[in-house]
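Shared between the two complexes below is chain A, which has chain B as its partner in the first and chain C in the second.
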Partner chain A sequence: MKANMQIALLAALCLGLALVPLSGSTYLVYLATQILIFILFATSLNLLVGYGGLISFGHAAFFAIGGYSNAILLTTYGVPVLLALPGAMVVTAILSAIIGFFCVRLTAYYFSMLTLAFGQLVWAVAFKWRAVTGGDDGFLRVAVPEWLATPSSFYLFSLLVVALAVAVLWVVAHSPLGRTMMAIRENETRAGFLGVNTRLVQLITFTIAGTFAGLAGGLFSMFNRSLFPNSAWWLQSAEVLIMVVLGGIGSFFGPMVGALALILLNRLTLQLTEYWPALLAIILIVTLFFFPNGIAGLFGSRPAPGLRDERGEKSDA
Partner chain B sequence: MLEVDGITKSFAGFTAVNKATLTVGVGQVHAVIGPNGAGKSTLFNLITGHLTADAGEVRLEGKRLTGLPPHAVVRSGLGRSFQRISVFSKMSVRENIQIGLVAREREELCFWRPLRDRRRDTDELLETVGLIDEQNATAGQMSYGKQKQLELALALAGQPRILLLDEPTAGMSPRETDECIELVMRVVKERGMTLLFTEHDMNIVFGIADRISVLHHGEIIASGAPEEVRANTSVQEVYLGRPAR
Partner chain C sequence: MFGAIQFLNGLSYGLSLFLVAAGLSIIFGVLRVLNFAHGGFYMLGGYVAYEVVRRIGMEHGLFWVAVIVAGVVLALVAAGIERFMLRQLYNRDQIYQLLFTFALVLLIGDVVRIFWSTTALSVSFPPELRGAQNLGFTIYPRYRLFLCVVGVVAAVGLWLLFQRTRWGRIIRAATQDREMLSSLGVNVPMVYLAVFAGGGALAGISGALAAPALALRGGMDAEIIVECFIVVIIGGLGSLWGAFIGALLIGQLRAIGITFVPEWEIVLIYLLMIVVLVFRPWGLFGKKQAGS
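Up next is the complex of A and B:
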């Protein structure tokens, strides 16, 4: 019952969101598109951080890889968008698998440090490989196809892509793989001695998370019509991590609320003050001390074990 | 069934297990005994690959286990428990079992569809170890004895041919100990498994073991049928001569 109710609510939410362009406000449509893209980005990271307990400080690398791949395919090679986006996902998947191969060999802090290092490496490549990425001048004039040229059409396209991608990530989070990730987070030794190939599970999760960050990056490159090396910079990784923490680690929908809240706060404060970084720091400190379960935790969703609330759903179903 | 051949492990100059050799036959109940600190748990962790051996080799049904990662050891047909309880303590009992069943069916990489409930297999395992009434309890909040039962269920989840239990009754009251041993022996008989276990309680060991190996200062000083071991003079010196435990 409850699960069906949730699906109905989400479908209604998507339909409601599809009406945003009717408001006639271009600003609102832009803002909503940006939020959608970051919802996908944060949800992909949550698979790693929330379900797997793997704190990545380099998730923006995959956002940037997907972004550049999509931009290059569209603009440099003239590939149609319906092939370019999947193509960007394939490129990101391959690079995530390679980077992940090294990262999941390490645990805890070392994993985090290595993701940070790889993130900076991707930034350096984007910065230096001027012929392909445009270097620090950025990749400008991304060739967005005509049918996505208006803010409204691009918004609706993003809404469709993000909704589908989030649905896929939901299935992954509730699949045997997702459940096994949580088990590894809790007790890696035990999981191994149940016969679970723990590293392979983590590698596949890392690759899936990276791939969907790449899809978010691909959308962003068209949204922004340009892309800069800064999209791979560690601050970008930190920002999406803050979205996950603010929204609620491990609760599936929490990070979406986190993305929404952080972007709205950013917009509001930029109009009032130039001290956004300081405010961001304060938000993070307050969240960590007083709302460790994030915004989702405030509404009764208890994330940390990740399982409690889901079990509730099932017994009601 | 299981051959341990000259396995050795040192920690910073201290030799915890020294050239330990033992053979466990199919269907046997084999106990490893020894005073505290004799190296029983280390030996166990070496056999299951939880620790890397400095020298020596472990073979299961002729297949070399040494150097394999834990999941490969388990997939070779071995199930183990831990002396210190090792379960998924934040998950429910039922969820613990489900992870075990996912692993048994090699389904842990399946990400394209939601987890199946596996009601029948889960219930069966829960009934085997007597936890059906606690299935929705959070594992870490159950009594010590119940957590030990769950520990056993997890060791059984992979349908092992050989079961390794590290001090299955450690920390239990006499009554819990009796129940635990009865449960283990029943399951081992029902499923036709081979059992290798460590134990400090002499009464239990001589009551149920077909063969006993005695570990002292990391070395196996005697191995054989209970009567032989009981009659062995060096065993009497280091172990049986003193009050049990």
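Up next is the complex of A and C:
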């Protein structure tokens, strides 16, 4: 698809989505808000996994950091939301740069292990730092400003924020920086020979991805009006990774479809089974074995060539 | 005051951790698959042992039957997973293998929830190892001393297996060059199957042995796998010696942390990991990776 064609489609989609509150169904508005937030979350991870080739198992850490930062700024310090949300992004950016600094020093499997370990560290801190985060009782009664108090107003606000954020991520993915990320994913050594500071580019990718996950988390803290340490737990990281894979790794819009599909499925099965993780596992296994290119692959979008290589040759070459 | 008791606590914890991390490291060394489900295998081993003990009791050495059953069950589970599923993913990008083993974690977690609910369960100490032993300088629980012995025996046993037997030679060769090994007439898929099953058995036995020392509950799979990851990040993936030293270091740090900064001991472990990462990103005993 041509780039400006994609933009036009996306703009039309946003306009269409702005009409959702006219349906008059609070449930629909609520569901649509949740989907929007997870679309941003999944798209931010896709920048890292799909474009950067860095498989993070701890992306929820940044979602939680952004969520808690936003909740604390709003509630504990009474900061207005238009400052609290960017503030939460700054906090997440700083922490993801610090964590990223250590993670991008490692390649392949080590990167995955380390992101998971740091994710669990963030969970442990949220769990134990009772005075600030509320511990396992959760951070309750997040002070949502009055102009965002109704489901419709919050939905429209989320739509605006998510649309802007996704647009920024699109620009990043299609910028020279995005191309450089892909070059490093394809062949780190060769990219290095061309004069690219591979580690710095990976760190920037990691930080951008983390920051936008933080923004999604910030929105989520207001949407949910509370936040629990579980938002940093590895299951949450896995869920968003599954959204990316289900939608199609490396396709820019695939993970959005993945987020939509997984949330709808969760809603539909909520009454039927309490074993969501097992169901998630089965969806994941079926996707891995039978639809390796995800939903996007079904519609002819092919994954990035590096993802089809024989293992080992890509990272070691 | 950090004394003999704390040191022994750290030692027994570290040596038990080695048992789990060794399986993870060996599987990675041969199959080049990072098995996220290793923590799930460990947890399942604990629950299988609990179930056997609940049914047949643990007097007259029956606890050891439970431990062996846990090992056998997990070896079979692992073998089935390797033979029928994992094998098909070897030629795919690593993300598919990672996600597959992650799916196993979710599945095993829910299997445990279905059969044993989410309440914490405990297994009592086997009768022959109840009570405490006078060591001259201190008195220490027998079961924890036993865990230390098991850890050391396992380390020596694995070393002998790898360095002194035909099987060990084949496994070491498989980590080096599987095409060459295959050309020499070795059934490489069989080696993979055996190694994955063996790693599963190690995790199952570790879980069964850990059951009396700590409560069985959901989430223990996440805790153990994170600690195993830290062990192999510190020690170097695929290095048995690295896993041994890494596990001992973490055991001691945990003991120190529990004494001086209770509740936050985990932070010390992360600090150790960060220090190692800054100075030796490939681990204390790992090989420097190409391109890094």
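Criterion: the second predicted complex is superposed on the first by the 302 of 317 C-alpha atoms of A that agree within 3 Å, B and C clash if a C-alpha of one lies under 4 Å from a C-alpha of the other, contacts with A are read in each partner's own complex, and residues count from 1 in each chain.
The working rule: contacts are C-beta pairs under 8 Å (C-beta built on N, C-alpha and C of every residue); 3 or more make two chains touch, one makes a residue touch a chain.
The model shown is predicted, which means the values in this text are computed figures rather than measured ones.
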| item | value |
| --- | --- |
| First, second, both or neither for A:T189, with chain B first and chain C second | both |
| Larger contact residue set on chain A - chain B or chain C | C |
| Touched partner set for A:P80, first chain B, second chain C, both or neither | neither |
| Chain B versus chain C as contact partner of A:S112, first or second or both or neither | second |
| Shared chain A contacts, counted only where both chain B and chain C touch the same residue | 189, 192, 307, 311, 315 |
| Partner chain B, residues of chain A touching it in the complex | 171-172, 174-180, 182-183, 186-187, 189-198, 200-201, 204-205, 208, 304-305, 307, 311, 315 |
| Interfacial residue positions of chain B with respect to chain A in the complex | 48, 50, 69-71, 73-75, 80, 82, 86-92, 95, 98-100, 102-104, 106-116, 136, 154, 157-158 |
| Residues of chain A defined as touching chain C within the complex | 49, 55, 57, 102, 105-110, 112-114, 116-118, 120-121, 124, 128, 188-189, 192, 233-235, 238, 241-242, 245, 249, 275, 277-278, 280-282, 284-285, 288-289, 292, 306-312, 314-316 |
| Contact set on chain C toward chain A in their complex | 28, 32, 34, 36, 85, 88-100, 102-107, 109-111, 113-114, 222, 225-226, 229-230, 232-233, 237, 263-264, 266-267, 270, 273-274, 277-278, 281, 289-292 |
